[in-house]
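Listed next: structures, encoded as structure tokens.
Here subunit A shows up in two complexes: once beside subunit B, once beside subunit C.
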Partner chain A sequence: MRSPIFTVLLIGCICFLTGFSPFSDQNTVEEIAPVTFLAVKQGEEKGSLTVATLVPPIMNEEKQFFSTKVRLLEQGRRQFNFKYYREIRFGQLRMLFIDEQIAKTGIVNLMDTLLTDPEVSPRLFLIVFKGDFEAYTKNQMQKQKDLDYYLYRMFKHYEKENQGEIAVTNIHEFMEKTHTPYSDPYMPVFNVDKNCFSYEGTGFFSNGKLKGQTDKEQDQFFLLLSKSKFLKNVIIEPLDLSLGEVHAIVKKQVNLKDHTVVLKIQYRGRIDEYRGSKDLNSQADFYELTDEIKDYLEEGTVSLLKTFQELGVDPLEIGRQTLTPVSKSMSAEDWLTFWKSAKIKVDCSIELEPLTI
Partner chain B sequence: MFWNKRIQKIRHEKKNGNELFQKNEDLSLESLKAMISNMDDGESIEHSISRNRKITIVYIKTLIDLERLNESIIQPVKNCSEEMIHTCLSSEKIVAVTTLDNAQKLMMQGHVLIYDDKGHLWAVPLENPLARSVEESQSETILYGPKDSFTEQIDQNITLLRRRLPLTELKTEKFSAGYLTKTKVVMLYVEGIANPDIVDIARKKISKINFDMIIEQSNLAAFMEDHIHSVFPQFQQTDRPDQCAYSLGLGKIVILVANTPFALIAPITFFHLFQSPEDYIHRWIVASFLRSLRYVSYMVSILLIPLYVALTTHHYHIIPLQILFVLLESRSKLPFSPFWEGLLMLFVLEIIKEASLRMPNKTSTTLGTIAGIVIGQAAVEAGFVSKILIVLVGVAAVASFLVPNYLLSKTNTLIQFAYLILASFLGIPGIVLGLIHMLAHLNGLTSLKQPYFSPIAPLYWRDWMDFFFRAPIPWMKKRPKQADALFKWRYNRGDG
Partner chain C sequence: MGDYKLFDKTAEFGNGFIIAFVHQSQLLYFVLFLPKMLQQSYLLFGILAVGILSQINLFILSKSMSYMDSKQGYNGFAKLFGHRNLRIIAFAGIAVILIKLCFIVLGYAEIVHQFIFPSMQPSWLFLFIMLICTYIASQGMEKTLRFGIIAFFCTFWMILLYIPYFVPPGADVLDLYPLIPAGRDEHPWKGMLMIWSSLSGPEYIILALPWINPKQKALTYLSIANGISVFLYIVLFMACLFFFGTPYLGKISYPVLNMIRYLQTPVFERIEIVMISMQMFQYVFLASFLLLSLYGAIRISACSVHKETGRKGLYGVSFFVLVCLFLIDQFFGRQGKELNGWTNLQLWSGTLTYLLIPSLLLVANIRRRRRSSH
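What follows is the complex of A and B.
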């Protein structure tokens, strides 16, 4: 008797331990429609949302664009299912496009909904868009069959290869930064119209709300100071100059007594293109240009940090410098108050690699 | 009731098999003639010889060399004037036979019986060898290396081994297995290297066989294996003398069976089944790469189709996006679920494999074309299976051919089916459970009481020199621990 009972118990344990359930999801690939992105926009009524997505085609059918007006994100999925013969699944959701208006009102509850869904991967790219994403998708899907896939590849490229062109972020990083003191999340901001989907800069969040964004010039400094600390090209228009392969070594210091934040940045790069009036073969001219670049970089960095102070965000996590091994740490609110009024001191140095081959 | 009317019941006698065929009669001319009664190829010839004496020669003409019968026996005996006839014969292996049972045994082994009128019986060996020449191995071909292989002649096979190991320590113990077939079985080992305990285990196992027929080496292995219900072979079967000689030198035992060109090698591990004689011919880096490729291919051959079923049924999340789109399109029109689709293709593949084995060479080319084009392409076009599955089945089938051991490669299909069912119900966790079970099972197996899953469990670091990777041969200073050889050093220590 003991052996059959043992066998049944063993099989039972195996089934339950492996997540076997009579109510398990039916995931046979041909019966589901794994969508790759959701675009969330402010609805006409207060608190309502417009959720849109593209459903991948099977066989020789067109890609279908679905858009529905709902109050809850999950309601959107249900509405899509009513319209389509395959079940919409979020297991392959790779991108979440958030309208600027919603981003300004707060997106933490949206993020929570997605994070609690066990199907959704934490590597979900987050993007803020300005404009009519629906018009862009409808127009572009006629020309580009795998539009959503190529958009995903673009974000994946900038994330994985650390190219330093776009500050890509995913839902996991976003929520981590949101809930960590001395840290604020950011997202790439894109401008969308019927024909164009173009990168505009980086948007900065505080308490889950979009506070503002950088312009393209400032964005270069942010990318150099943030995670990648590398830019393939730094365009300096006032000097008619392009620097290539720019790396930055950043040292941050917070002096609580002097109420000062000091950034010491060591840049290294090479001159890729120069269309200005100086003769780079002349040593005097070259030193002069180096000084001008250094001044430009210092001014740009100060301008970026001042923007952060105005927005009340700290995406560079400068606040971490206040932590000491023994003393009590500053509260996030205290740090923000300090940061907003702190004096900024930026000391840049630049090392230009020789031009000769 | 129906059977009772039509078939007369046979009363099975509870007798020992050996007793059943034992002759208890006295030795006489009549009893000798009775022995060959109702045998078309049994002959008894009477000859008058000098001194008005008569002799009777009894033999089975299909077992003896008829050309030599006249010159070696009849002519010398006819002119024999000696009292004892056997003194006139030139053969040195003449046996004086005293019992009928012994006479029968010798006659059936190809001896000619000579019975004189004084009641003496002699047996002269005149066996027809029916031997084929030593040819190249068909089942384990290698490009660079020895080309000879075993034949059905056991003595010839022993010669091939003795040429490679010219040692008096190479012992050959003879056994007879099967009371009907009386198959000659020879166990070979190198005394002083092979562990006597293992030799003793093998000796006892062979001696204990009390079955009617041992036709070939697999029959013998079935009686000697420690775990008969396992799908994994616990003896290595090879027709390559070089491989046998190498194993003997490492302290293993080789068992030769008469009338079969395959030898059994034991004790072995699961990993020996992935080794090929060519591994020791290639440069060690190349050999290591090829060997690891075999392990990978084995895993691919058993896991690829179950993984396809697991991914398409349960885990669409982890399929790369572009492949998922292709899969969606490919599977959209299919009438079967991934499990049935996989099962169908595995069945078809197995049918093709079996058919190509049983067909003559010329027909198997046609079969290949039919299988490849008609079944593969047409099945996709007809919408029975997806294009991706056809690719995966092809890859899995080709990968399974990389396993050098035929018996192991044949177990693949069964394991695949088991994993397929697990993958269909439980997805990847199911496959993992299957793998855990397989590892646990392999860990529990033994080959002649030696651990089958070493050098992983138990962990024999020494044997890792010749495991996933094949280390340079000069580095293999010691014999593998798994065979538990008495003398572990391979270098001659006396020479420094």
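What follows is the complex of A and C.
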């Protein structure tokens, strides 16, 4: 009764076992190298790229830094395969380091390439770097064996809800924000040289092109207003003060008639270091300091928003406040012209716990 | 081979089966890219409206089912339409069932090809899926229908995977605005048609009539299944809107599956592979059911109903389907994915069958009643 099915199964098994199979992907661990990052840089000629990576990612072997000049990203993978005895795979790709130059010319097509590959996760971290990535990696991998893994852990750490410190973003968020009107993507910017890999601030994109970035001081305000709305530490140098565990509750309003954008921000935090001259135990001094902090935060936020206006970006998605359930929304261009010339009003209030021992 | 019967009936299924069948048939391939086609958030109301229409249609279906004597099977239909007419109807049915069957298998193979085995030839996938379907179908109609319950439990939990997309800050109600269409330049009709077509499928339950007992509250169970499906459509569409936002949604292929790639678990990373593999139960169940129906329709139109069913016939039919699959793949393969000519064909055929079968059946039943009462 069951003989035909049995025969088919038997033939099937024989085919698979003898290596005749329809799968052309072979995933033998010894033969593949699932790299964890790619660093993309502008090549010397126009339109060309320099792609770099570190192999092998896991094996207990001497690490090698590969770099090649190509026109297409996938061509990079092919070039690496020519030089290396393992096949490069993107299945474990976690980070994409993008050179500042290339970020300025537009990176949406690079993202498209990566998203087309079903192996590449949409959670791939995106990072802008300035400087010589090759020198850093070559120098650092002498000292630190699993360099790429620890870099990944760093981004993973800050990605988790409410970690603050670095505005981490991934490829999905980047693409969604690029395509959605009234919202522009951002990426962390790192400065790389032979000896260090250090965080510089957040870079802002519009239409897939890097427009500008914040410095460290401004970056604190951006982090407090963006997704996580939390910072472990806000350093206020002019007042010789540090605020800890700062949470922000942000209300954004767009007033089309008055041509103004209003931000109401409620901060909550505690003073965790103070080296100034005021006596925090005196009520009057404490109030005075609170006012000074408030003014500082207000000024800083206004200057951040002014920067956004100059750059013509809206990473805080303020324009989305104009959306209503019923009326027709304004076009993205109309919003941008409005935003560039809008008056800004920032209204901060701060709730402070004093420095206690 | 003497006691080998494909369409034997030894037991009657409970009403839970109706829910499982209708639910499975309404959550097929179209749903996977329906959000992309709808795109505009105000079509959430479109889903609701089409869901209500579908409910009315199911009311007609249950009414006409209650007129039929479910025990009689083929003879019941023959009495209703006459042998000659039934043969013509069955002949038309061959085309419709074949389109739907090929559509399901091709669609599933396409998904597997895109998400799991991009380097594999899709024709291998047709072969594997058809082998499984043939095996299940060769167990007979009753076991195939029972397999439907397994398939139901294998796929029903998948909706839970979409819960994370409803958690803020990812989910922002501003993503759904504006809820009222602003311009007149959009064409929602194609989207509405697609919702209707993807809700089609419950009409095939009349082919399983002898195995179910439709007299008892069939309408209630049909409505529950329809309600669940409409709810799931809305959940999926909203999740897509939250996750991608309207403009980006239009650029994503199979958004419903694509968004699952974003989920992360500490144990394994590519949840979509598990999900797609589990969905195979659903596709294989409906494909084997349709394969048996196709075999039955061919027998009716060839006037060999009273001959014994044999394995050879069924294998012949599945081989025929396999050849059709290769041909369709050759012919439409170059037209690009999703809304190509082939999908449009299924879009219309699904729409028409769901629209016409319940009403035609009702009209035929009423006419016969009048005739017999005179």
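Everything that follows uses one rule, which is that the second predicted complex is superposed on the first by the 325 of 357 C-alpha atoms of A that agree within 3 Å, B and C clash if a C-alpha of one lies under 4 Å from a C-alpha of the other, contacts with A are read in each partner's own complex, and residues count from 1 in each chain.
In this text, contacts are C-beta pairs under 8 Å (C-beta built on N, C-alpha and C of every residue); 3 or more make two chains touch, one makes a residue touch a chain.
It should be emphasised that the depicted structure is a prediction, and the values quoted were computed from it without experimental measurement.
By the touch criterion defined above, A:T28 reaches subunit B but does not reach subunit C. Of the two partner chains placed around the shared chain by superposition, subunit C is the only one that A:T324 touches, whereas subunit B remains out of contact.
When both complexes are overlaid on chain A, the residue A:P181 reaches subunit C alone and has no touch with subunit B. Legend: residue contacts after superposition of the two complexes on their common chain; A:L280 is shown touching neither subunit B nor subunit C. Once the two complexes are laid over each other on the shared chain, residue contacts for A:I11 go to neither subunit B nor subunit C.
Legend: residue contacts after superposition of the two complexes on their common chain; A:P56 is shown touching subunit B, with no touch to subunit C. In the superposition on chain A, A:S121 makes contact with both subunit B and subunit C. Looking at the shared chain after the overlay, A:R89 reaches subunit B, while subunit C stays out of its contact range.
Residue contacts after overlaying the shared chain place A:A135 against neither subunit B nor subunit C. Common to the subunit B-facing and subunit C-facing surfaces of subunit A are residues 121. The touching residues of subunit A, counted against subunit B in their complex, run 14-15, 18-20, 27-30, 32, 34, 36, 56-59, 89, 91-92, 94, 119, 121, 146, 149, 152.
If you check the complex, the residues on subunit A that touch subunit C are 4-5, 8, 22-25, 118, 121-123, 172, 175-176, 179-181, 227, 320-321, 323-329.
Note for the complex: subunit B touches subunit A at residues 312-317, 319, 321-322, 324-325, 327-329, 331-334, 337-338, 425-427, 429-430, 433. Partner subunit A is touched in their complex by these residues of subunit C: 114-121, 124, 131, 135, 138, 169, 172, 174, 176-180, 182-183, 243-248, 251, 261-262, 264, 269, 311, 315.
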